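There are two complexes below, and they share chain A, which is joined by chain B in the first and by chain C in the second.
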Partner chain A sequence: MIVAVTGGKGGTGKSTLSSNLFFYFIENYKTALIDCDVETPNLPYLLGCEDLNPIKDIFIEVPNIEEGKTYNYNNVCKEGALLKVKNKLIFVEELCSGCKACGINSNITFKKRSIGKIYEKKFDNGYLIVGKSNLGERKTAKIVTETKKYGLSKHCEINIIDTAAGTHCNVVRALINADKVIIVTEPTPFGISDAKRIIKVVEKLNIPYKIVLNKYGISDLKINYDFKIPYDKRIVECYCKGESFLKYDDLRNYMEEIANWILGIG
Partner chain B sequence: MKIALPIENNELSQHFGRCEKFMIVEIENGEIKGKEIIENTAREGRGGVGTTSASLIADKGVDAIIVQNIGPKAYNVLKQLGIEIYKANTTSIDECIKLFLEKKLEKFE
Partner chain C sequence: MDFGDRMKIAVVSGKGGVGKSSISTSLAKLFSKDFNIVALDCDVDAPNFNLMFDVKDKRLLEIIYREVYKINNNCIKCGKCLNICQFDAIEDFEINPILCEGCGACKLICEFNAIEPIKRESGYIYEGFVGFPLIWGELEVGESGSGKIIEHIKRHAKKYKAEVELIDGPPGVGCPLISTVKDADLALCIVEPTKSSVNDCLRLIETLNFFNIEYLIVENKKGINKINYPFKIFHSIPFDFDVPKLIANKILLCDGNIKASKSIKELYEKLKEFI
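Moving on, here comes the complex of A and B:
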């Protein structure tokens, strides 16, 4: 089972929900929690662990331009990264997306460049897998795909994918192949507006989804939802300490309802 | 020698890479010998607009450019090609060329 947690707006509680679902599932199922918010991953803090092991680098391949070598390259780069000016080749590495179009019908060779890393923390009955981009990288979607692939290679019964905020490429890449999606939102005009946008994306991907209304009670705004989590100071306290809130039975019940939908029970 | 100016609505453009056109001015013995206007075909690009624009004018055999502003990537490409970059504090094209000929423009360093 692959369940992706998304929401459109930032700060609605995606990671809070993901980490508490992880703590819930790990009691009975082998579970992987995969942080696909690769530009600002912070699940390690929510799980109260910062001692992650680096597993591997994510590479793209960029042209290896050598001084004094003649290349039969004609300006095909759409990123403006590889320029041929009067038989001189100029490579602007930070613009290169690694598409390798410059290598088609040319004698250009390639070298690997790291754009980020995958980290891992092993738990008794599961894993936290985190993808993290190098600062300044323009295109980080490959890190999302590779992080997810690595996480799924652990063959856990439950895989929770935590996506970034927004509706951009990295979010879509994180959602693809999920069996179910949870959309976390909040009763604010911003939460509602952004949720509508991500719902359209999820519907396009044709993945069954449910809406979790987090911070329930902070306003009277009418909003359709399937599950709720109340605005509760105990949740905020746990969040700040990097602990789960499952120790509070009433709060645990809210998690259980969501978990049962993921498991297909009731 | 040849100099290039990014232009927009017949004035010096505020941007280098996203300018509408380039004016290429040919100078000989301290006098204007000829002017040519070329379309900036790079401006609608997805990315790397600055670097592509830089290669566009470099292909025209330009020795120097006069700009109001320029991004770091385009700047580096021009530097690698040995093209000098001068800074103008006016948007008048004629004034820019006049100040250049009088050697009163400062270089972007």
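Moving on, here comes the complex of A and C:
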């Protein structure tokens, strides 16, 4: 079972929900929690563990341009990273997406460049897997794909994928192939507008989803939802301490309802 | 006409949901009382700035297209395109347009003329008047290419004669953030007292340093948690449970009558002095 947690807007409670679902599921199932918010991964803080093991670098292949060497190249780069000006090649490495188009029908060779890293923390009954981009990196999509692949290779019964905010391709890459999606929103005009956008994405991908209205009670705005989680100071406290809120029975019940939908029971 | 010369201030945060839009909408209104301003919403994934205003004369300025590729009937399934695609966009000899980055490697490597470019709408740029001109972009859901949309928003903004350009930025530290801040005169980084937000802010600061952009850090929701910041705080806005209620009623923070309202006005005065 792969369940992705997303939200459109940032700060609605995606990571809070996915980390508490993780704590809930590892009680009975082998579970992987996969942080695909690779530009700003925060799950280690929410799980109160900052001592993650680096597993591997994620590489793209970029052209290896040597001074003084002659290359046959026809300005095929769509990113403007490799330009031929008066028989001289100018390579702006920061703009290179690693598509390798420049090497086709050409004598250009490639070298590896790291764009990010995968980290891991092992729990008794599961794993936290985190993808993290190197700073200044523009194209981070491959880190999402590779982090997810690595997480799923652990063959856990339940895989929770935490996505970035937004509706862009990194979010789509995190959502693709999920069996179910949870959309976390909040009762503000921003939350509602952004939830509508992410619902469109999930419907395009044809994945069953449910809406969790988090911070219920902070306003009277009307919004359709399937599950709710009230605004509660204890949740904020647990978030700040990096602890689960399952020790509070009333809060645990909210999590149980959502978990049952994921498991397809109740 | 190109009025390029102005003070560009980008409101950014790394982490989402810390109050960028709540703060930037108020700052824009406060700035507009003393300066000629134009506001830009570069959070094209979640364009929220306009939601706080009654937008007058809303119009579509431009549709942004991006090129992706599709496989046609000439395909003999040799598999070369599958091997070259670095973005996992080709499966069973079909190109998933959502995953296609439009690099064209598959077309270049194909010897059978079986791959052709197609155009997709990837975003829209709008303009409206909210007491000052506002230009915002909207990424077509699931599309990529927010950087390009942001470039176009900025290009449109140049037609206004403005002393201040106030930009609501996207979360993250990747392509959209870099496109937003790379020519900014000042980045206003919003942080809340949580480890996640501080960590994201540190990543943001490193990115800003990388591009040599000046920044100031504003703490929002002060008081929800105790934390020692590893950077200097320029101004703090207290946590106020009434903020979401204001926002829900489309009342700008600066127009409310709560603790946070007073604080944002103080922030504006300090900023005015700073610039």
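Definition applied: the second predicted complex is superposed on the first by the 266 of 266 C-alpha atoms of A that agree within 3 Å, B and C clash if a C-alpha of one lies under 4 Å from a C-alpha of the other, contacts with A are read in each partner's own complex, and residues count from 1 in each chain.
Here, a contact is a pair of C-beta atoms (placed from the backbone, for glycine too) under 8 Å apart; a residue touches a chain by one contact, two chains touch by 3 or more.
The structure displayed is predicted, hence computed values, not measured ones.
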After the overlay on chain A, what do you see for chain B versus chain C, clash or fit? fit
Return first, second, both or neither, reflecting whether A:K86 touches chain B, chain C, both chains, or no partner chain. first
Partner chain(s) touched by A:T140 [first = chain B, second = chain C, both, neither]: second
Have a look at where A:D35 lands relative to chain B and chain C in the superposition and call it first, second, both or neither. neither
Here's one for you: vertex at chain A, rays to chain B and chain C, all C-alpha centres; what's the angle to the nearest 10 degrees? 40
Just checking: does A:D162 make contact with chain B only, chain C only, both, or neither of them? Give me first, second, both or neither. neither
Between chain B (first) and chain C (second), which, if any, makes contact with A:D220: first, second, both or neither? second
In the superposed model, which partner reaches more residues of chain A, chain B or chain C? C
Partner chain(s) touched by A:K78 [first = chain B, second = chain C, both, neither]: both
Nearest CA pair across chain B and chain C in the overlay: distance in Å? 6
Shared contact residues on chain A - chain B and chain C: 78-79, 138
What does chain A use to touch chain C in their complex? 8-12, 15, 39-40, 42, 45-46, 60-61, 76, 78-79, 97-101, 104-105, 133, 135-142, 145, 164-170, 172-173, 176, 186-190, 193-194, 197-198, 200-201, 204-205, 215, 218-221, 236-237, 239-240, 242
Any idea which chain B residues touch chain A in the complex? 42, 45-52, 54-55, 58-59, 73, 76-77, 80-81
The chain A residues in contact with chain B across the complex are 75, 77-81, 83-86, 88, 90, 92, 94-95, 138
Mind listing the chain C positions that touch chain A in their complex? 14-18, 21, 45-46, 48, 51-52, 67, 84, 86-88, 98-99, 101-105, 108-109, 139, 141-144, 146-147, 170-178, 193-196, 199-200, 203, 206-207, 210-211, 224-225, 241, 244-245, 247-250
